[in-house]
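Labels run A, B, C and D following the written order; every chain starts at residue 1.
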Amino acid sequence: MDVKEIIARRVAKEFSDGDVVNLGIGLPTLVPNYIPEGVEIILHSENGFTGMGPAPSEDNIDMELVNAGGIPVTVIPGASFFDSAMSFAIIRGGHLDATVLGALQVDEEGNLANWMIPGKLVPGMGGAMDLVGGAKKVIVAMTHTAKGEIKILKRCNLPLTGAKKVSKIITEMGVMEVTPKGLVLTEYNPEYTVEQIQEVTDAKLIVSDDLKPMI
Amino acid sequence: MKKIITMEEAVSHIKDGMTIMIGGFLACGTPHKIVDALIESGVKDLTIIANDTSFVDRGIGKLVVSGQAKRVIVSHIGTNKETGRLMNEGKLEVELVPQGTLAEQVRSGGAGLGGVLTPIGVGTPVAEGKDHLIIDGKTYLLEKALRADVALIYGSKVDEKGNVYYNEATRNFNPLMAMAADAVIVEAQEIVKTGALDPHMVHTPGLFIKYVVKA
Amino acid sequence: MDVKEIIARRVAKEFSDGDVVNLGIGLPTLVPNYIPEGVEIILHSENGFTGMGPAPSEDNIDMELVNAGGIPVTVIPGASFFDSAMSFAIIRGGHLDATVLGALQVDEEGNLANWMIPGKLVPGMGGAMDLVGGAKKVIVAMTHTAKGEIKILKRCNLPLTGAKKVSKIITEMGVMEVTPKGLVLTEYNPEYTVEQIQEVTDAKLIVSDDLKPMI
Amino acid sequence: MKKIITMEEAVSHIKDGMTIMIGGFLACGTPHKIVDALIESGVKDLTIIANDTSFVDRGIGKLVVSGQAKRVIVSHIGTNKETGRLMNEGKLEVELVPQGTLAEQVRSGGAGLGGVLTPIGVGTPVAEGKDHLIIDGKTYLLEKALRADVALIYGSKVDEKGNVYYNEATRNFNPLMAMAADAVIVEAQEIVKTGALDPHMVHTPGLFIKYVVKA
């Protein structure tokens, strides 16, 4: 299994039947491929619909039905279209059960930075601040490090997307819950030891009494 | 996720002392069957948020007459003489709100906003005791967001996922209230199969709806 | 011509082709009967639609298509249905060209009172505060006095619906424009003398240099 | 009231230095033909309010590349590298706003509200220099309403009265911007006869639309 698949598979176990979920662009879009049988999640696309389905076949591409990354998608029966005010009322009003996002940095307080690197990269926040601030559960899904650079810190030093909002961090190395005491490692990838995971994590990991393998 | 429930179960979710929102405008677009069942149930000390108190013998008006409401937050009581009488006797608290402010307050409650900044009501009794903000030289009242424990709404066609279509003038406050309560129950004039509603004609996405009950 | 017809006929001359107009309940609902040929106005009904048409025939009554007074109406081609938030966004956002309302009292500053008589009658403001505050042109259409009681005052003494918002007052006796100097009588009903009109008006009437008969 | 105009006339309404809103989300639901005509016209010093700056060769992105924008108020610029380059060179002012805040600011501008009270952005660079209000113990930012001189929107089906129906994900910011400008021009994919749109499927009532131009 490649790294992305490990992460997406594990994220897919986070949902209950009927959950309304918004998936960020990139890695999070792989999650629907691994949703367990018997669980149905409703995908919300912040550009204006619920009931997002898989990509269309090549001869069914419709450029008026794209996801928030501009990629053609489909809708499933039971979908609904709406405007941006309604879309963000859903997000900000607490009507999303979960959002899954990538991060440049995340820290032990649950702070998240993923929208700019001053003087270097300023893509803008798009809907990320709304998602982080509004979803009931904020799941960060990302590779544990970025080309060797540490991303899970004691304190983020990049401008924040949201303060103290992250619920859980899922990487190819393990699953970390954000608690008032700090990051609790609840699951780990048996390919690594806990020490190896801590080595590439700036935040101090509190190892759960009930630590389990994630795969 | 099965959302369709019986009228008996629907009513069991409304308990003494709760704040409930009820859709409708002078009884048009009100969930009449649920209101009738509430009267049957005898639930009491309700705070009711609605556009108006309807007529003595129709819709929300019946709950005023039956004495089950201890407080109403509405824009109009003129069509139900019992509301005025109970108010004058000190048996019912009545808070009168401009209709557009009420609509925005409910919408704000559903959209995660703190309140509404409106010039409507400045210089009238509505403004008494409320914060005034001056923005770019113009005066606005701060009217706080409203939420409820349960919202009772009426839908003309509702699918199994809770997507709602409202016919003609029945829409009014229903889509707003559907966003602003911990649990939303829709009384469906007609329940249709998932996929039977054109996603462009869904006025309230199913994610807002917890329960569907047949009218 | 009866008094109501005189008033409604004169109000009907206030509009330009394409104007979007909200008519209050009672007398203002007579206005559409007198709109001159070549002028098409779009009627907005605050319970949630534009394109309001005349009353239906008796066998076409549809209780889901009623006006803001709960009276069955119809819609004409080009109509649109919406919720209360949109309806009042139209009103409050300055998208109504005019509203026509009755009044308990109106004064020379353009203040209007029509929603309560303390200790006596408290129907509530409904959408009146929004209409008075939001419409580009606020036309008060009413009988000049109420059973002999004077309604056009120097200062309203009833709780206000809106402060300094009225543009024009049209009664069976004449047409008065609200100006920074006070009420200017621009048209009069030749059945009365200017003195007779002043006699039943508390506010001082400034007679226009260009005074014309209103009929 | 004839609303249908030529592209030539449409473009004549946009003048140097104006603030304009342009609908669309990554070029989906953008009035492409009007944008192309604006580039042809050479109008300059525009302030553009939009969801994003699209791509270098599509939609709003072209107006950035052509140097006709002096300022953009958007949620995202990451898909158009020219926006970042011009910003870094001091040739373009960029104001980044969380997408949901932007949607509500535009809606507020159209609905006659003074601004938005949102918790989104608190504790991030977005909050810098803005008023913070504490309401019932929770902190909100005051984000002011936005309006424009002209809004340029895209509609899939538009009738002769200006009623607009949006297909699929093209809706996004279009209905909000249609409320928030002194003049609104809709680029119609298809112009249909008045009465051809089901009034329940009208997403933007025609009263908001000043001009209709065929795509």
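Going forward, a contact is a pair of C-beta atoms (placed from the backbone, for glycine too) under 8 Å apart; a residue touches a chain by one contact, two chains touch by 3 or more.
Because the structure is predicted, anything quoted here is derived from the model rather than measured.
In this assembly, A is the chain whose CA centroid lies farthest from the centroid of chain C.
Note on chain placement: the centre of chain A and the centre of chain C lie 55 Å apart, centres being C-alpha means.
Centre-to-centre separation between chain A and chain D, using Cα means, comes to 29 Å.
One inter-chain figure worth recording: chain A and chain B are separated by 35 Å, centre to centre, where each centre is the mean of the chain's CA atoms. Chain D has residues 104, 107, 111-113, 118-120, 166-168, 200 in contact with two or more other chains. Residues of chain A found to touch two or more other chains are 49, 75, 81-82, 85, 88-89, 91-92, 134. All chain pairs in contact, by the document's touch criterion: A-B, A-D, B-C, B-D, C-D. The residues of chain D lying in touch with chain C in their complex are 1, 107, 109-113, 159-161, 163, 179-180, 194-195, 199-200, 202, 205-208. Interface of chain D with chain A (complex): residues 25-29, 51-52, 74-79, 84, 87, 94, 96, 98-104, 107, 118-126, 156, 166-176, 203. By the touch rule above, chain D contacts chain B in their complex via residues 104, 108, 111-120, 133, 135-136, 138, 140, 142, 144, 165-168, 200-201. Those residues of chain A that touch chain B in the shared complex are 17-18, 20, 40, 42, 44, 49-51, 75, 77-82, 85-86, 88-95, 134.
Of all residues in chain A, only 45-49, 62-66, 68-70, 75, 81-85, 87-89, 91-92, 121-130, 133-134, 159-164 touch chain D in the complex they form.
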